[in-house]
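This is the structure I want to talk about, given as structure tokens.
Read from first to last, the chains carry the letters A, B and C; within each, the first residue is number 1.
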Amino acid sequence: MNYHLSQLPERTAKPRESGFTMAMDKGLSVREAENFVEVAGEYTDIVKLGWATSFVTPNLEKKLDVYRAAGIPVYFGGTLFEAFIVRDQFDDYRRVLDKFNMTFAEVSDGSIEMDHGKKCEYIRTLSEQVTVLSEVGSKDAEKIIPPYKWIKLMQDELDAGAWKVIGESREAGNVGLFRSTGEVRSGLVEEILTKIPFEKILWEAPQKAQQVFFIKLLGANVNLGNIAPNEIIPLETIRLGLRGDTFTHFIDKALLDKLV
Amino acid sequence: MNYHLSQLPERTAKPRESGFTMAMDKGLSVREAENFVEVAGEYTDIVKLGWATSFVTPNLEKKLDVYRAAGIPVYFGGTLFEAFIVRDQFDDYRRVLDKFNMTFAEVSDGSIEMDHGKKCEYIRTLSEQVTVLSEVGSKDAEKIIPPYKWIKLMQDELDAGAWKVIGESREAGNVGLFRSTGEVRSGLVEEILTKIPFEKILWEAPQKAQQVFFIKLLGANVNLGNIAPNEIIPLETIRLGLRGDTFTHFIDKALLDKLV
Amino acid sequence: MNYHLSQLPERTAKPRESGFTMAMDKGLSVREAENFVEVAGEYTDIVKLGWATSFVTPNLEKKLDVYRAAGIPVYFGGTLFEAFIVRDQFDDYRRVLDKFNMTFAEVSDGSIEMDHGKKCEYIRTLSEQVTVLSEVGSKDAEKIIPPYKWIKLMQDELDAGAWKVIGESREAGNVGLFRSTGEVRSGLVEEILTKIPFEKILWEAPQKAQQVFFIKLLGANVNLGNIAPNEIIPLETIRLGLRGDTFTHFIDKALLDKLV
């Protein structure tokens, strides 16, 4: 750090099991990826190439090199997995993962209806090849999943071999864990946490208010994802209680009283 | 493409008459323009230097060189045309187009009231010098133009020599074709299309929901504009049915049924 | 400028006492800072490193060099001052300012309750070391300060040695001077201006509608802050009446009438 401040919440260090941050790259250039890594690489534990953007970006190999050189693993968004599955090209997908030396992959069913047994089968198969993140929750705002079912789906996917489960929100943060306004379904979150260990969950929380909600509820070292590259530094300050939103959250009340 | 996916909608290739994408540069640096072109140049058919930003950006010549080297034509936003017209400096405007070797220009009346005969005269005169895009629709949310008049204005401007007509939306996508909430005036769009060929229209659609609307209605190869440089890659995935919003739109229903 | 347009409002030049623009850097990389300065350095009078982002960005020294080479002063956001104060580390803060050769500093109480006499004392002490900007207004949307009190607070802080006073808005523009919707508290602004000279106030106005409000009310040379780096060029066009929002504001009505 550039100077010393007392009374900061303790942050985990890389490689992090909790307190880790997933950034979403939705089409950065090579130099933009370098810019991002220069300033926020230390606080970024994994990068997702959003949905199927990796299909159309011409700089894929070079960009993977940038992230690899910075020691940050990368994975393709779950929608790409679904794009292969819906076309009955699962074997092709596995070859694509190998071709690009991917060590992580996401299994999701956010854009399609998929039998959950089949989904768990995909998790099981892929986890022999890579580390699997699996995602629960639909991208369709109409599809409300009740809490007990979120828990069952998450548990089954962890049992099938998922390293962590992701709570869906989309890039905009307006479905799945969130109401269409972006407000957190807080009852859902709390019920999930009665059954699933918090370090096994990666909460997609692209909006600042959502990040603040999770940090106030679960502390500086909650796992958060779908963070835009230029929001990683702001997020780190929120984790540390160094932005207005969480400023007094980690501070001894006696110190606050001394000011007035 | 970086790997193969079956069942993708066919996309037109450059130089595109339909399926083309207009990006809005509202003040990129030279390196930012290079970044943009590296990752999205293939999917960008024309760049608009938004409104009169070209007046104040000190790097204009160098940036034009970047776009030219990438084979992407550039034009000044219609508000710049209007800024010259309102000051009775039309001849100066024509000289500016020559000075910067512009091959395209926009004629609009979004910020001023202009006699439509005069507007068509400007289109006629400028189309002897450059390829003209003309824009219909006011930047003033209060000014509602009924559908029959949109059609008449568009047809007159095409007759006067406009290469394509643009449906106004502003950078924010909240006027003209759209309600102040950003919602598409879908009845207006459908009525326009009964009379004006769809490849002659460039729809300004900066918001994702607007892009999705046009792609679902008119297919992968609808002409879309006012796209932010970092949204060109996401837009291309929406055109291809590779993002959640259009994911099942181009897929054979039988394949979807096999999954459940 | 790249070409000539008549009838533009006169703009002040650097070093500006009025008409100046404060940009907010919330974690740019070195190259991004260079990009920003290339295109908008001429229109940027001062850069704020937002809240405590300077604590976590690893490139602080190098980035300060970029801004210094461009002749643009930099200061740490007021939340960093508050972070030191709440931890009883004021002397450390003064040393940090020296260590990084800062010539400006912000004194604020947006995230904490602080006795106003103490706040003025901090302003007095720091103004012996650097040029002080002090900020009035809470980051808490619930805390409504009545107009007479805004005026008293601002006057006291100017008397204590503040160079200018800042009207708080946050990065999002939704507190302090603004309602939670972003709408300007216009009565508040007008009442403040009956007592405090307009060149002594720096209005935080990150949203375009807010910038337009202040420019229409106070002219091209109002002091505006919390502008995102990529919005400096757009703002400059709004100041000059070269974007739709202020397009007719600076134009002789007789010229407009000639068009219809």
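Note that contacts are C-beta pairs under 8 Å (C-beta built on N, C-alpha and C of every residue); 3 or more make two chains touch, one makes a residue touch a chain.
All values reported here derive from a predicted model rather than from experimental measurement.
Shown here, the protein chains touch in all possible pairs. When the CA atoms of chain A are superposed on those of chain B, the rotation angle is 120 degrees to the nearest 5. Between the CA-based centres of chain A and chain C the separation comes to 34 Å, rounded to the whole angstrom. Multi-chain contact residues of chain B, defined as those touching 2 or more other chains: 31.
By the touch criterion stated above, chain B contacts chain C in their complex at residues 26-32, 50-60, 79-80, 82-89, 92, 96, 99, 110-115, 118, 139, 170.
Residue ranges of chain B in contact with chain A, taken from their complex: 1-7, 31, 34-36, 38-40, 42-43, 230, 232-234, 236-237, 240, 242-244, 247-248, 251, 255-256, 258-260.
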